[in-house]
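Several structures are given next for inspection.
Shared between the two complexes below is subunit A, which pairs with subunit B and subunit C, respectively.
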Partner chain A sequence: MNALTTHPALLRHLPWWLRLHTAAVLVFLYLPVLTLIVFSFSNSPSAMQWGGFTTKWYAQLSENARLLRAAGNSALVAIISTAIGLLLGVPAAIGHASLRRHRTRVAASLLLPIIAPDVVVALALKLWCLTAFALAPGLTPMILGHSLLSLAYVFLLVSARLDRFDWRLLDAARDLGASTTSALRLILFPHLWPAIAGGALLAIGVSLDEYVISSFLSGPGTSTVPIETASLIRKTFTPEINALASALLALSACLAAAAILLQRRR
Partner chain B sequence: MVPISIRHLSKSFDGTRVLHDVSLTIAAAEMFFLLGPSGCGKTTLLRHLAGFYQQDSGTIHFGDRDMSGVPAHRRNTAMMFQSYALWPHLSVAENVAFGLQERKLPKPDIVSRVREALHMVQMGHLGERRINQLSGGQQQRVALARSLAVRPDCLLLDEPLSNLDAKLRLDMRGEIRRICNQFGLTAVYVTHDQKEALHLADRMAVMEKGLISQVGSPREVYRAPLSTGVASFIGEANFFQGSWQGHGTVQSPHGLWNGRLTDPSWQPATGDAVVLCVRPESLRFSPAPADLNSLSGTLTESIYLGELAQYAVTAGPSSFRLAELNPAGLRPSGPDAVHLTASPDDVMILRP
Partner chain C sequence: MKPRPLLAPALSWLALWFAAPLLMTVAASFAQRGQPIVWSFSSDAWRSLLDPGVLKVLTRTLVMAALTTFGTLAAGLPTAWLINRSSPRTGRTILALVMLPLAANSLVLVYSWMSLLARDGLAGRALAALHLVPEGGQWLYSPAASLLGMIYYFLPFMVWPVVSALARTDPKLIEAAADLGAPPRAILRHIILPLVTPGIAAGAILVFIQAVGTFIIPDLLGGSKNLLAGTLISQRFVGQNHDWPGGAALSILVILLMLAGLALSLRLDRNSRA
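On to the complex of A and B.
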């Protein structure tokens, strides 16, 4: 059967008002973002006034030492926390799939960091890191905080893919001579890897974007790009901000596109 | 190509006994069927042979080798799954090669054995295909090739044909039988399809509630079931009560009936309760009532099915099914009395 013949009639002949509604939502979503990109090339000191085409704000951005240091911190935190998230999240998802009882409870508790309000998670982490472990505010507590988020996202994606896994495929592998380890490596991992890679990209994206947890846990000299951006708009609102936002947007678009491409593979 | 011997095997899951003291001997190169309603333990027993489960007590021997504690990947068995369980990320040839790679065979040997196995199931030309490009029947052939390529000691089949349509199922039945004969494979085949079992089995075991009810050839199990459970699971059966009068004669609500005892180890005493069992195809219409092996009732249902006509006859509180092979026409149902009879050789007397 092909998709065209099974496609519901309603979706093939969408009423005009539904089409209009969809168009309106898209405009509402993308117009501000497009405006922002356009004004990042504006040769005017004001962020919302057109003054001819220039790329000088991007050049200025690339020489902003504070921002570059923050970008370095952001990248470091994103990569390490994602690695930790993968190391914890993939086994957690496999373990969770093998549970026979309390599955919902275990899943909910692992997803808590993305369900609970960020402020609550941030505050809890701050209290815990600073008092229980006597950690100074800085990169280490930030990495720990971001790892919780990574763990949750990796768990979410890998679990969803495991739901569609036929566990008898592993039985068949063991039956034909593969040890449990080989069966996991040769049969389960190839099935999971799009979800693992997608989860990692999502975790990197979330980490680069994370503001609340980072700002609660950051210390002197360890700010990240979102923190730096927030402090920049408090002072002045120049097209440099637009350029920064556009650059970040391009980066997240790349991550999202990569994640979608990976999910599309079987 | 090894005999399998199962001794006093028991298994519980979460406190529920699923296998009770099961003992079976399966000869080398025999095609042995495990049959029974769902939940009877047949699949659990098969998974014990594969090594997916370890028994709580009892032993399994392949030839002289005790398989207790031997994990699935160190047993030279190959299983065919109901869902085929082919690996979707590998090509047809890679699926077949998997077991050989795990056995660390040299590359050229793997290539030739994959080719040979695919050729055997008439899939030689499709080695490069992806699994999702194959039809159900083709997938089942690949699964068979994958099992044969490792040259297993014993082939385990877990309802392998139940997802195929009727015509294909018949073709594959023949194919599996041919290949098992050709290689002298010991095969243990789980199914709830009694037709499949009667068609293919050298011998079969009928299981109920984790126990083995009867072991025998298809003819023995069909013609001489030891219990009403076996009689009603293999084929259809009409049952009615009676009391033993000696010499194969039973007094029943439908008069005197003559039949044969199916269990040679059981000799009822006069007056003992027994159950009479007559297959629908053993009953036939007779023009007039008789003194022996005769019952009268009204025809309440007539169905024409091409190769046979199926009737339901209500006699007192019970209902009887009758099947007439190669019917020329169909008797209309109606209120008039009809008379049924069966020859004593076709009337089976069972323990209640």
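On to the complex of A and C.
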């Protein structure tokens, strides 16, 4: 229990303007998105005029062939880059947990790709693929770029969970005659799997939403949903884009909710 | 567990697709302009950063990043304080609401502001009705719109470190001060504030370095006249007048700025835990 919340003199010190400020911040954060969702159901050709309820924009969206092709590419890139992130990130987190020196440095370098400006990550990779491998922009460089982000997110979540793991359990299992593999499978893995699954969901979500890396590394015919979205919103604002944006928000929200629920598991 | 064989694949992957590309970018910044690049030594790209047009964009980028940091401080600090002071349940809910937009597609978030601020958008119409829009102009595609979008997007990065720093403050210190008769204002100023300053600094640095490197928010909200470093870098790599060495030099400059900020925040973090 925090003394701040128990001490009467301090508890009284939550002035009205502080509550008002936080309420304003929450309105600031949610008003734009909620407006978008409301007007995605508006039967009017203009993006922000109310013309009665309709779901026709969503129906139109599901028949947009260009967008559906892009969705296929998005899914492919997300699945492969997340698989790479899992294959590299889970062992890396376990290795990092038993590292004695340079722990901060190793963790910071694995997380650098998500902190570094996405423009720089994308263009450096484009330059490298072209000059060192004569690899033109397309799905492969895109997957490579996304895999750096997946690796970072998987590492982040699995590492956080490993902090709460009692390594003596593994020693105990081995003392009792378990092989290293079965100790890992029966003790470490059951502890880690919510973080592994959560990391995978987070990586899929990040990959599906990633625009900058995709747009600089995409070639002919390898457009993704964010690339299509960006080219639409650069031109006009329509209720159909509102519907697309709301659908993308719903997808992100589902992925995030699943990832969070998994983290709650003991 | 032997750490090395477990870490080696991930670190090699990072070396091959992250570190090597950045080193290649360093090399490219010392090459010559060509179709797209000529590999002979030249310092033209670095000298081109001193071009008044480029310096103007760099200054504008730093100013916008600083304003974004102040904006997130103004919006984030009172919110973090309220989260800390509320009941654990309310605090957790508000914190989750503040962090949730991070999970959303950044394009969607930017689009939501674009459509609001447009001439026929809700905010656009409201501002026009209040005569807050200059004749024939609009809020969308202005530096103000860009700043608004950046504050919006980076706010969670400020709130999170400050909330964690507040949660780490030792309740005994506050109790002791209160028992000795310190009024709440003095407790806030002389005990809590010094304890959470490293958290505030960490949040400010995190927001600042990300704002310096940001691309999509100012590119979509700010319009073509108010471009920032990220857009300038991308322009150097695409289109007719491309200049890869120039873009590479700018990229390295932004990365160096980011690493300096990161080193500073790691040091602050170590000092605050020591």
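Methods note: the second predicted complex is superposed on the first by the 247 of 266 C-alpha atoms of A that agree within 3 Å, B and C clash if a C-alpha of one lies under 4 Å from a C-alpha of the other, contacts with A are read in each partner's own complex, and residues count from 1 in each chain.
The rule we apply is simple: contacts are C-beta pairs under 8 Å (C-beta built on N, C-alpha and C of every residue); 3 or more make two chains touch, one makes a residue touch a chain.
Predicted model only: the values in this text are computed from it and were never measured.
Touch criterion met: A:A116 reaches subunit C, while subunit B stays clear of it.
With both structures placed on the common chain, the touch criterion links A:L18 to subunit C but leaves subunit B unconnected. In the superposition on chain A, contact of A:V27 is made with neither subunit B nor subunit C.
When both complexes are overlaid on chain A, the residue A:A172 reaches subunit B alone and has no touch with subunit C. When the shared chain is aligned, no partner comes close enough to touch A:A136: not subunit B, not subunit C. By the touch criterion defined above, A:L261 reaches neither subunit B nor subunit C. Set against each other, subunit B and subunit C differ in how many residues of subunit A they touch, and the higher count belongs to C.
Of the two partner chains, neither subunit B nor subunit C is touched by A:A250. According to the touch criterion, subunit A has no shared surface contacted by subunit B in one complex and subunit C in the other.
If you check the complex, the residues on subunit A that touch subunit C are 1-5, 7, 9-11, 13-14, 18-19, 21-22, 25-26, 28-33, 35-36, 39, 46-49, 84, 87-89, 91-92, 94-99, 104, 106, 108-110, 112-113, 115-121, 123-129, 131-132, 144-145, 147-148, 151, 155, 205, 208-209, 211-212, 216, 226, 229-230, 233-234, 237, 241-242, 245, 248-249, 252-253, 255-256.
Interface residues of subunit A, counted against subunit B in their complex, comprise 166, 168-169, 171-180, 182-183, 186-187, 190-191, 266.
Per the touch definition, subunit C reaches subunit A in the complex via residues 1-7, 9-11, 13-14, 17-18, 20-22, 24-25, 28, 37, 75-76, 78-79, 81-82, 84-87, 94, 97-98, 100-101, 103-116, 118, 120-122, 125, 152, 155, 167, 171-172, 174-175, 178, 183-184, 187, 209-210, 212-216, 220, 230, 233-234, 237-238, 244, 247-248, 251, 254-255, 258, 262, 266.
Within the complex formed with subunit A, the residues of subunit B that make contact are 50-52, 71-73, 77-79, 81, 83, 85-89, 98-99, 102-103, 132, 146-147, 150, 156.
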